[in-house]
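Got a structure here, written out as structure tokens. Questions coming.
Chain IDs A, B, C and D follow the sequence of writing; residue 1 opens each chain.
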């Protein structure tokens, strides 16, 4: 078995088993957030076996036989480092360079050569999580982790399908009569996302998720630099929808910074798609050009109506994500947590308060909410609604 | 107005008006296929105004400000040449080089620089037919032409959506539990295509289509070479479905030749997608690997069932296309045609018989029909069906 | 050894040995152009062993592990078919489809998937001819074949270096003071090409080249279609130089057709480069903009002088190629050939007369010769020379 | 004039004039490093006019008509911000977000959409500094700035040419007989770089460079994030040489981090080239495979000799850069500087000591110096030299 295959098999089996055993130890405690000093032997075994498997890969000094295998390797190394972080065997706040030099070097080499941040990304667990005989990669074998990554992946697929429908509108223009099927497809796909979200809301165990799944998504260091945690939004589709609908704008400083920051965490092909959609004129702006002159044209009435249907469906899942999922599974449990553990509970690094505020802005942009302090399209949407009322 | 804008506006208005007037003249005759000698003044005007608009574009000696404008220009020049062909002002069978040197030079320059055959392609009328105030490009303003190009475009969108669902399966593998949403999406999209086909079957006027729309899709010469007609299948999705499902194989000589031949008629981005899907392992082949060992595994039963659902939906539209659309709108009317006009009635060039035989092979591959003479996957599909029976 | 490795090793050794033995038989005859009926056993062995090695590759039904290995495979299959053609075991003029179905199917599958014509191309013998322990691929082990392919490759490298210098001028503009090093580099590289040409002129054996090397470059059929022979000009650099200098124009119908025709015979990366250079403004056109207003500006004098130096060096090798190489090694021996063999002596298919005429046009464009019948830049170059005289 | 054209013209003229006037004021002082409080009106005018020109561009909310114009725009905005930093109108050390919100938003929008860090990069002043009537962009009109950017650009071109020669070796392999011209071309190009360096060493004014040119290359903030200064090494060629020769390795943690860090500062096409060369096997490693078995083979002796010639030329310029240029123009003057200004004298941010140490490592890797503490290839090179001694 080649060194990459050996590592991959380990990640799928023993690695997940060790992590699961550690989770059970932590979870059985009064203070479930207490990690240090627990399961020392298991942790040692995790480190030892990982190092053993990585050494020959680094020695090979080669990156890849092709993009797919490089991406899989980056996921394996990255999940290893993610687990070490979760078990507090490394912690970016108390170190200036990763104590895991071999894993860091390998991650940097592979990451740079495929054009992604040198850590595991959402793609590794979601859209590009290769199943072998039905088994995909995961940190643990906990039911709630599978539930989470599977529904997450399904949600991402739905957003991608909606985005693909909307981006095919670009060459047609917002007045095309055949846009009807694309609007309908986008709306349908977004409703599918709402269903995933609803299933997660109902079935995911709050504590298991908060204490045993989420901690694997924390930021960690690779070499000298800290890389923020994997984020379910690290694919182009969600922003393609924002930009194509026109609810967010790439020239808005807040939003431009957000796009800039997330690019390295996306697959190169996704980076490309996102970049392309940044120079397109949005459907909203196209329709507004005609709001005075064509308000009675059948194409205008039909396409505005269909467009608003998509926006409503999109706003609905933005609200659902923030007001249900984030609130129930992150904000809620965080409040009951011992203050000593608060630091580092957010995946992407910033303190929880800042994260929530930032997510709120996104929600309000997507809902075109009436907010004077941010560049929401509330008034423009209102003009459009009025035109066909 | 820039020279490209002037040409584009002409194509959208006067050009379509002249063609429509000519169609009404032809159609009013006893022998509707009689074109030569009819409407001489209209034809002269068509040529004259076209030449006038093209000359400054060639003189500029520049190709483009970007892909989008180059693609639009290629469509305009190409539709102009397509109309000249339709009105028998050029005919590849009696010439060795196009009599329209300016249009040829421009088409070659633009075509080569964007990487497509130097003629109008399906994309120009379908997926990339930009609407201006609801109006898209067309040869005529006949109701049946709009009906045809609109439903065609919707059908293409449906096939693209199905293809996008299936190609996202590649990184997951055929055993992934989250494949469920992708299979469902593919099946749903294919059923949408069946609906487009059914609408066309019911509403399209046979004679109008056969005599007044189809002739614009004939092969013509650009410079010295003949380029075959635009073909509704000139996008990657249909073949991505073939290849991903595994119903056709890129190593099958018949099918490889077909792919090779169609590549230049597709947009560069589509060429890339098609090429990428040629080196992927099909879902059928992946599932067959497990047919002995995992037939009782829940993932196998679920995914095979979903896969067969997609194949059934796909086979159904293949049958519908051939047995209903091609039969009713091409083969049927061709039989009643005066023998003198038979030559050149097929869009892609070969004689009707050959074309029909070739379409039949495709239908049977897609239906996995039991045919010993071609590489249909009938037996492999049967094994799979039996395994979960 | 994997099936591709086995084929590749065969091509490098036994295949070349069989071809060499056959060449010695042909060359020993009074009529060296007599091929049919000679060396029947050797030919049979060639066919047999080739088929044996290709069968498992086609059965695998996979194209590639990556571009490099696919390109190498295409070269191997293509050289096999090229040799069959050279030994008259297939001849496109008397067949409508290649009698070598396995090789054809494999070549089509690989060719389409990497985006090149399904036959061996210049890259396979020149810029991408991988050496193993100093040994590169060749049809025979004849000294003159190695001499030819090696000097050809060196010549191509020189043209590529000149092209790379000139294309880096694009973002700077023709007036930049730092263009000096790029002009100098281009001129130096072109002088290196002249040296290769001179070496070939002096050392290549006319008869060996004409009778034992050139015939491997004939057109042949893959599946149903004929693909023209490999041509030393099948890389982007030569045309990048034409276009960047401005001596040829992509909107010239003759030249546009030539570019269009050669694209599939080039590597994808080269196709891209060529396409990109088609939409650039040439240095000549940029300088002409200033010929009235800036003739005394130091930058103008310096850059025009340097530009003309490059043009002179380029014109010189164009003349040398045509008047020395083509004349001595192709046109000359062809005149002494028995009339019965004349057909098919040109690599690219057209009769010798037509080929020579076409090469003459290219020479005259590149020399900016005073020819009224073609779009040579003679007068524009004269204006420029006069301006700094 | 379009808003981008207006901005671009301003940068080329008035902007440079204001900066030059400010430099003369600073330079005339006893403490030339004193910037704050000097030339207040000029500074105010700089800010005012810049804001005026940027506002309409941001309002347009569009990024670009194509890559070239976007790149030029990013350079203009970036140079504006670079000048504001140089004049201490912004300073990342005392701010957490850039005080120039419009410029930041525009830079982020454009930068993200073309895939580069949102600041001016070396390409803007060097390889992609478009000249208009002989005039290229610069911060000032000082003789020493032109001298610096011109020779720098020539040096970069030389390194690119050497890199292009070496990367064309990849498909041939290190044993190919036609590698001779590529090795010779690389060596020649590197000697040209040495000449640029020598010219700079002799002619550049130490104080003008140190006090009036270098400060424009400091790090600054765009939005919230600090971006390190433009660095003459921000193009692929230098690292392609490192990697292809084998003197540096992409799996070396130090070097991998360096590559990772510099990618966003390079043009997308350069990023791609760099990434591709990361997965290639180096010439050194290829030759070492044969050091025992083929030491007497003519190809080995010839190619090793040529390879060592290239390495020697490369080592020589590495030494020259560090021991002459960096020492004379950066380290030297820094020692005489008033301690209060020391902070921020390095372009890339880190303190001077750290920068020098890091440049020393690079020099020693490139010279294959005998250093036990870093992964220099000294011993491997020695084996190779011994083999052909």
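As a convention for this text, contacts are C-beta pairs under 8 Å (C-beta built on N, C-alpha and C of every residue); 3 or more make two chains touch, one makes a residue touch a chain.
For reference, the UniProt names are A, B, C, D = Tryptophan 2,3-dioxygenase.
Remember, it's a predicted structure, so these values are computed and weren't measured experimentally.
Two copies of one sequence, subunit A and subunit D, touch each other mainly through matching residues, since over half of the numbers at the interface are common to both.
Residue contact pairs shared with A-B exceed half only for one pair among B-C, A-D or C-D, and that pair is C-D.
With chains reduced to the mean position of their C-alpha atoms, the one farthest from subunit B is D. Between the CA-based centres of subunit A and subunit D the separation comes to 34 Å, rounded to the whole angstrom. Averaging Cα coordinates per chain places subunit A and subunit C 49 Å apart. Note for the complex: subunit C touches subunit D at residues 68, 127-134, 136, 150, 153-154, 157-158, 160-161, 164-165, 168, 171-173, 175-178, 180-182, 185, 189, 192, 290, 294, 297-300. Considering their complex, residues 58, 61-64, 101, 104-106, 108-109, 111-115, 118, 223-225, 249-253, 256-257, 259-260, 263, 271, 275, 278-279, 281 of subunit C touch subunit B.
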